[in-house]
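Structures given as structure tokens follow.
Two complexes are shown next, each including chain A; its partner changes from chain B in the first to chain C in the second.
Entry: the complex of A and B
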């Protein structure tokens, strides 16, 4: 499982994390030619409650579809950060929203404390594109996927009429990572 | 395989497979984690001249599916545990009236409403024995999104050819999981249709078995009139309680399965030379099992693997083949021990059998299975 790369997007229900995972996995799977499997886990609530979406990327066939040793963890709430950071590999990447996650974990992680939600709200003007801003940052940090592939997958999945908004959100997210 | 490449969820692949198989009718009642099957077909069925109905509950949905099948349409319903329980009465009706139909059960935790969004494999025995009376039971359990597509097609094919309901058992993990799949071009997968009468309406007897154990089935509304009942009946379809007619009919229903094992049984046996341990699993737990067997190989432990694709009828010969070779068989399943009993029954003491069980709404991890492999190694 050496070339297996595990991503978990976590936060609260309604933040678009499942869709974020679907877009990332679709970009890898259809446009990068690697294997990707996306799964999700959420409670019975439509909004609020813990939510997570996982993407496993590999050049080989993927057996177990869930994340156990995470390479990249995205947290859009403090609760999800507290809960899931134990599964993050040593030297793994943690992307935490700087507004929501004030208490960053101790440990040997590459931490990116980024203003994801603020960027969506203030620079794009729509808080609901926070998932796409996050995808931009992820595209910057994950070698297995390019910004162009993610953009293609974003445009395929978002509602008509929101293409420019989402493209902008994606690029802003990409640029959040130095 | 040539075809159209898509990134699909398991439930979407199921719905697409149903359309490929010629399904033109869906009736259901929404329930997590199966609802996407209904959503997909609500959009797509009308475009191919089919019909979608959301019924008032699962009992009515199953009844509508039987009605649609009787007029000649390949019919589907999709549900999860609580709805599967409700469908059992009419599933038995479809068995005795010999009405082809496919029932998808995307398994979640139970009993009752249990864990709506959590995966489970705890309806395995319900798929075999859920409806009362002796009855044929066929259940298929795919383990990937691609396989959900092909097994849905196979479920329809079997159901049509044998005139009996077929259950497709998936679970929340593979039902909601997304993977790249190929939708084969039309004609690449074989499609089977039910046998239809060759005699004119006035000579038609709906349960005439002079030509074989599966009687030809006429479409209601095509000029053939006949009686359909859940009571034991004779060749005309009208009720009978004559012992000399009932016993052979009961036996014939069961023979649909026992005499068609060649088209029903489907499994993968992956053998390692000199292995003393075997794993038997299915559905999403089979993915965890395969990963664990890979990890065991890295640690120098050889493990044979029997992945069940058809759960019912259970492949006794394959289980015995494994039991004759290995000392211990491990059965990982997301329940507190169901399929393990069938393994034990089949192999009749030829090997030790131990389970890896989980019923907390979380998947069985490869590490859990690897621990058990190390314990018995």
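Entry: the complex of A and C
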């Protein structure tokens, strides 16, 4: 990967994207030794129910913490996909939930249309772990972070008693990517 | 307040400052109708155990999401106070924990040396609500956000079953400021 790597997690409020961003940033910084900046922006869209969370990863100090040329975009709703795909760079990775995003964008992207929400709901039995399933897929696709580091970061952040559930969600997400 | 208002929450990892920043950003944006950007930066200090979280509040779109001229600085450790007070602007508000920060800075600041951690530990009985006690004090001191908005945002983010504990922590923190 080039030195700066930009990730945006997008979808609706309540899908755990803020926590997802925090976990990803902590995984790459605390357990991989990179620097990270994690940002949430709240404006009129947030009041309308949309949610996004960004993580910038770099081996060097990060001067500008906003994502401008996105390397990996996660979309858990059609609306977020329609809105944010313009910021994804050519050959960038798009992970789109296959239940929610039916209309995939045209363009030179590496598209992974994955059953993230269905996996959370049907295989883990808890739809609220969709964010962790997504992190598993991201861990598979991003060189700067390993599954082991994300797992450590997940276990540091999730409520006590939900560790096994979350580990399972993470591994299932990892395995969604061939 | 002027249009842009910058808050930095600082201390050690495990003090809940990331969650504190998220709650403050959601309070001002979802319940007060302002815009907010909330950022965590993870670098070598984070690996050393330090933690900081920033919230920029504005009525307008926020172009540059990093704090540069801080209006309110929370310090839950001496180290964070020594390190970050240089970024606090003249007449800015410094909230320093009275147990942890014994050596207060010189300068033209509005200093509140408050027993945040002691209040969490002794009056609520849970040291992990120190972040929420701090948010209560911040709600008292920042015009852009009311206690009611912060309470709504707290209740949206804390684990089920801890609502009353957190409401109590918030109110006690609010009352620490005369």
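Note that the second predicted complex is superposed on the first by the 169 of 178 C-alpha atoms of A that agree within 3 Å, B and C clash if a C-alpha of one lies under 4 Å from a C-alpha of the other, contacts with A are read in each partner's own complex, and residues count from 1 in each chain.
In the analysis below, a contact is a pair of C-beta atoms (placed from the backbone, for glycine too) under 8 Å apart; a residue touches a chain by one contact, two chains touch by 3 or more.
Predicted model, so just to flag it, every value in this text is computed and none were measured.
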Fit or clash - chain C, chain B, common chain A: clash
Contacts of A:159 with chain B and chain C, given as first, second, both or neither: second
First (chain B), second (chain C), both or neither touched by A:68: first
Which of chain B and chain C A:30 touches, first, second, both or neither: both
Overlap of chain C and chain B interfaces on chain A (superposed complexes): 22, 25-26, 29-30, 35-43, 65-66
In the complex with chain A, residue positions of chain C that touch it: 18, 22, 25-26, 28-30, 33, 35-43, 46-47, 61-62, 65-66, 159
Of chain B, residues touching chain A in the complex: 5, 7, 32, 116-117, 173-174, 176-180, 284, 287-288, 290-291, 294-295, 363, 365-367
Contacting residues of chain A [partner chain B, same complex]: 1, 22, 25-26, 29-30, 35-44, 63-66, 68
